[in-house]
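Can you read through this structure? Questions will come right after.
Letters are used for the chains, namely A, B, C, D, E and F, taken in the order the chains are written, and counting of residues starts over at 1 for each.
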Amino acid sequence: MNSLTNLLIPAVLFFALGFLARVIRSDLRFPPDLAKILSIYLLVSIGLHGGFELGKAELGTAAASVAWALALGFGLPLIAFALLRLSRGVDRLNASAIAAHYGSVSAGTFLTAVAFLENQGIEYERYPLIMLAVMESPAIVVGLLLATWSRGREAGAASGARAEGGHLGAMIREAFTNGSVVLLLGSMLIGALASPKSIESLHPFTTEIFMGMLCLFLLEMGMEAGHRFSDFRRVGWLLGVFGVLMPLIGGAIGVVIGHYGLGFDAGGTTLVAVLGASASYIAVPPAMRLAIPEANPSFYLTLALGVTFPFNVVFGIPIYHALSQWAIRVG
Amino acid sequence: MHRLFSEKLVTIITSDVLEELLVASVRKRGASGYTLLRARGAGSEGLQTGVLWVDSNLLMKVILPPERLSGLLDDLDALIAKGHHLTVFVADVGVLGHEKFERPLKS
Amino acid sequence: MNSLTNLLIPAVLFFALGFLARVIRSDLRFPPDLAKILSIYLLVSIGLHGGFELGKAELGTAAASVAWALALGFGLPLIAFALLRLSRGVDRLNASAIAAHYGSVSAGTFLTAVAFLENQGIEYERYPLIMLAVMESPAIVVGLLLATWSRGREAGAASGARAEGGHLGAMIREAFTNGSVVLLLGSMLIGALASPKSIESLHPFTTEIFMGMLCLFLLEMGMEAGHRFSDFRRVGWLLGVFGVLMPLIGGAIGVVIGHYGLGFDAGGTTLVAVLGASASYIAVPPAMRLAIPEANPSFYLTLALGVTFPFNVVFGIPIYHALSQWAIRVG
Amino acid sequence: MNSLTNLLIPAVLFFALGFLARVIRSDLRFPPDLAKILSIYLLVSIGLHGGFELGKAELGTAAASVAWALALGFGLPLIAFALLRLSRGVDRLNASAIAAHYGSVSAGTFLTAVAFLENQGIEYERYPLIMLAVMESPAIVVGLLLATWSRGREAGAASGARAEGGHLGAMIREAFTNGSVVLLLGSMLIGALASPKSIESLHPFTTEIFMGMLCLFLLEMGMEAGHRFSDFRRVGWLLGVFGVLMPLIGGAIGVVIGHYGLGFDAGGTTLVAVLGASASYIAVPPAMRLAIPEANPSFYLTLALGVTFPFNVVFGIPIYHALSQWAIRVG
Amino acid sequence: MHRLFSEKLVTIITSDVLEELLVASVRKRGASGYTLLRARGAGSEGLQTGVLWVDSNLLMKVILPPERLSGLLDDLDALIAKGHHLTVFVADVGVLGHEKFERPLKS
Amino acid sequence: MHRLFSEKLVTIITSDVLEELLVASVRKRGASGYTLLRARGAGSEGLQTGVLWVDSNLLMKVILPPERLSGLLDDLDALIAKGHHLTVFVADVGVLGHEKFERPLKS
């Protein structure tokens, strides 16, 4: 329940080890491809596993989950954008790009939350998994729209924005053919379609060795977060505060949706909170880099990967879980 | 003695996410091919560690007849004008078999 | 039994997902090394597993399997070469290179067929595994001999061919020290030599996670096949027809050999058919590229990987299985 | 008990297969990153597993193990250095660099010895695992000190050595932030700290697929050893003899320490002997290359990887085991 | 027409273990960035197969204004003098947008 | 000031399967070493995606004293004449420490 319990989960400890290795300037290095391989493995495995379980889902709750996921995906970036503009820390285009990250989700954080729940023997609903898959794209679309609007404002003329029209269509297409989206949705579909027996034969691969793969992934992400964290100064403290405040806001909204909107138990509500709180660092950054080249990648990468990700893994998850339990107690 | 023919070698270093755009431009501008290498590095946009797709760099090499150089550089300039970060440099090289580099890539 | 059942096997579905990702131009990308790592894993695992089981094989049937495998490996390229020359689609050297691919085998297709059988609870003999290992090399040798002969024909003089003599020896040596051959035969030998207890301790690695690894491999191969498939136009429709006809011929011959020649049941016969039908896209292409540089790699790669491989995985396997059952029924 | 039994362990057979593939000049190739990925996996897995078991260790024996490990780590390089200087095969700086390798350990050899013991159903103490983690660094420090002293001797003046002072501090820091050390010690700590239930959930990853991963690793290391072995001529026969003699000396000292110093049984004593006998080829070489650039890497890599590693894997382990049994019988 | 500006391209090939030292030197000498590629090879120190960290090579490319070249080469010479093995070569290249290469990397 | 010595830099881009042949030729022609990089690309033989060994490219760099260039180019021409596809280009570079490049690789 307390943060210490969380810290005794191997996945979290490996994240800390990676972070520490950077801090003490160890020469520990991973082949760059390993993180890519591990994230492919993780997406395929949770997709297969989740799709299989969702094959047995109630249609009503599933539809409601999708609807709420869309609401989160479209709404959170707007909140993030407003906050960023209020803080006057960055210009409109950087704000658009950062906002998109916070409307989307981090599978790594989500899985750490699952490990947290399983470690404590807490049951959880499977619907948040659909939400994870659904939430990758809308935030990208909102980010692009915000950027188009911002360019219009900054150019002081609507002409520029209009010229981007066709381009925007292509970008939105890309939001839905994004590699991570295809991998996750595709695997879920396969998990739902394939014969139960054949999915069971995949069990040792998708489930039994899963936690170990997650540990390796978080070890490498810990190193990467450590790298990014040292860029903190370049980002400034105002943005740094945003990187901690925004997940708390997103997490609180997630608790409300999970508990009141979807009627989930403490486990499922925690997971919805984590979806709200986490910021994408795999699917969204390439989309932003391509579509909003004016924004500085070291801003959004430092925030999503160097600030929000570690915050969520170490402090956020137990906080969202406590919040969820409190919401359920209060009713 | 070997006759080496003068061509231009353009090298482009930038983020992996631009791969498709660059390849399209190279095809359009009539190069006979292109070569891609994976890279890491650092520059004004910060560290590119190569761990995530977004922070991986690519290094593209394109050999072009001198008269086709200008078109390719136009495209690269346009990308830079949009805000993309590209490191671009051009060198003179002598190639074996220059007809090879005159035949544009079939698409 | 029907093609739909086949399509509900996760491995086949992942192949389709990869193919589809290319078709919708998703930016899904795999680190290039992953396919190489997965194919090393697959060869070692089937080698170990197969060698262990073959340690208990009957010498007579094993010897007969090897003999028939040699017959297929030496015979099929000649049929393929004749067909290609008849179709007048390609010159002699390209025909030699392509022919070698069809005399050899694709481990990926073979393993998909095994998944197909296991998914339906169909038993199968293990001898086709020896055949798989045996069939890699002979087709390479035949391809090289055809090429040498073709060069002689095209040069109009025997002198050229003779000059290549020493070179040819080196090439044939390479057919037997080919990386895939060494890996597969070596692992089989280890599987047969090592103590049963130690092989059992490898079971979780070689067998339990196997299906998952195969899925990942086929996902990436699906993308690669999608890539190659789009080169289809460059190859022309005549070659395209060959890419579908030749596996049907090879599969039919395989059914005859499996059932009448070796007396296998429907499962084993299906596997022999798949050996006959499939075209190599890992072991043979590098050998051809090195030894027959005059041939165009985009011809043989498009055919083996972009046409025949998808055809076999989706349609071929259920067809060969139906054929095998029919042969057994007919007697 | 005899060398043949050893050779029937899959891990050893795969090492031999890799070596053989090089000897017959097969074109078998592994993506270079695979070995790095596998060694990360191996270090994390033995760390987790070992840390968990050591959580239950007796403090007294653990402390004694650490003390003896330090003694080995500091002592063996001095013996190696003396031998190398006596043989007059190399100059002082090369001798310093080589000596450091022999004071440190090879996890690959250690794990092969574990496989050897498990294959024969021999029990072994877990303390040698702490020793493995402890022994990586001291030898690096001794190597650096020897090099500093040697530079002073060769320059004929103390001034050079003194100028290196600050530099030396940085180097020693690096000995303890070495990537392998951080990975192994970190994983052990996590194994000891995390809840037993969560460690159990990692079991399929860390333990069940472990032997298979070790086989792949040794396969690639076999190829690498084969590569290095062919550099043998460049090294000269005197150094070659050192590469076989030094492990025998280190192994014998290990037997004495394991049996008389620590009171281990035949299994644990064998492992201590292997720690004494093996030479590092992962952690130490980069440290030496950076800190003793005057030394020739092809000397220490050929010796550690091309001579001592194969010798230990094939002949050494059964010899050290026989020695251990003999010591116990003698009392 | 495109104005290409003359800069110096320094290429360094050496063992992976020197990465940190080289990056530090490039930063100190005022380059605007650097690019790293993974390499294998062979030379007087033997085969670098790329299988272990110690036998992997890196290839570093640094573009520098001509007046900053000398400082970087001094550092490389110092490494060579200590016994490190570096293959270093310099070429003249024309770059797009030369201001980019004047701004030293922020550390 | 640094003395940079003039050498020739030969770059060869081709399929991975030619590695052994190229290395053998570089050794024979007296280079002091060579460097290999992994590459992808496209050209007249189609796409080289790097996924399979056969469709991976390698990029080889060899620094040679000018007088040894011709021999190496002869070998490369011979490969091209046999039907192999090689992209070869030569540039002038200035190296640090030219004696290094005079000593042929021990085999």
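Just so it is clear, contacts are C-beta pairs under 8 Å (C-beta built on N, C-alpha and C of every residue); 3 or more make two chains touch, one makes a residue touch a chain.
Computed from a predicted structure; not experimentally measured.
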Exercise. Comparing A-D against D-E, which pair counts more contacting C-beta pairs?
Worked result: A-D
Exercise. Do the two copies subunit B and subunit E share over half of their interface residue numbers, or under half; same or different?
Worked result: different
Seminar exercise, completed: Whole-angstrom distance, CA centroid of subunit C to CA centroid of subunit D, is 41
Problem set entry | Distance from the mean Cα position of subunit B to that of subunit A, given in whole angstrom | 34
Problem set entry | Cα-centroid distance, subunit D relative to subunit F, in whole angstrom | 37
Problem set entry | Contacts with two or more other chains, residues of subunit A listed in rising order | 27, 29-30, 33, 36-37, 179, 204, 208-209, 234, 286
Exercise. Hey, what residues on subunit E touch two or more of the other chains?
Worked result: 37-38, 40, 53, 91, 106
Exercise. In the complex formed with subunit F, which residues of subunit C make contact?
Worked result: 30, 32, 35-36, 179, 220, 224, 227, 231, 234, 281-282, 285-286, 289-290, 292-298, 301
Exercise. What residues of subunit C sit close enough to touch subunit A in their complex?
Worked result: 8-10, 13-14, 17, 20-21, 24-31, 33-34, 37, 115, 118-119, 204, 208-213, 215-216, 219
Seminar exercise, completed: Residue set of subunit F touching subunit B in the complex reads 11, 13, 37-44, 57, 59, 69-70, 73-74, 76-77, 80, 86-91
Seminar exercise, completed: In the complex, subunit C touches subunit D at residues 33, 36-37, 40-41, 44-45, 48, 174, 177-179, 182-183, 186-187, 189-190, 193-195, 197-199, 201-202, 204-206, 208-209, 286
For this session: Please name which positions on subunit B make contact with subunit F in the complex.
Result: 1-2, 4, 7, 9, 23, 32-38, 61, 63, 91-97, 100, 103, 105-106
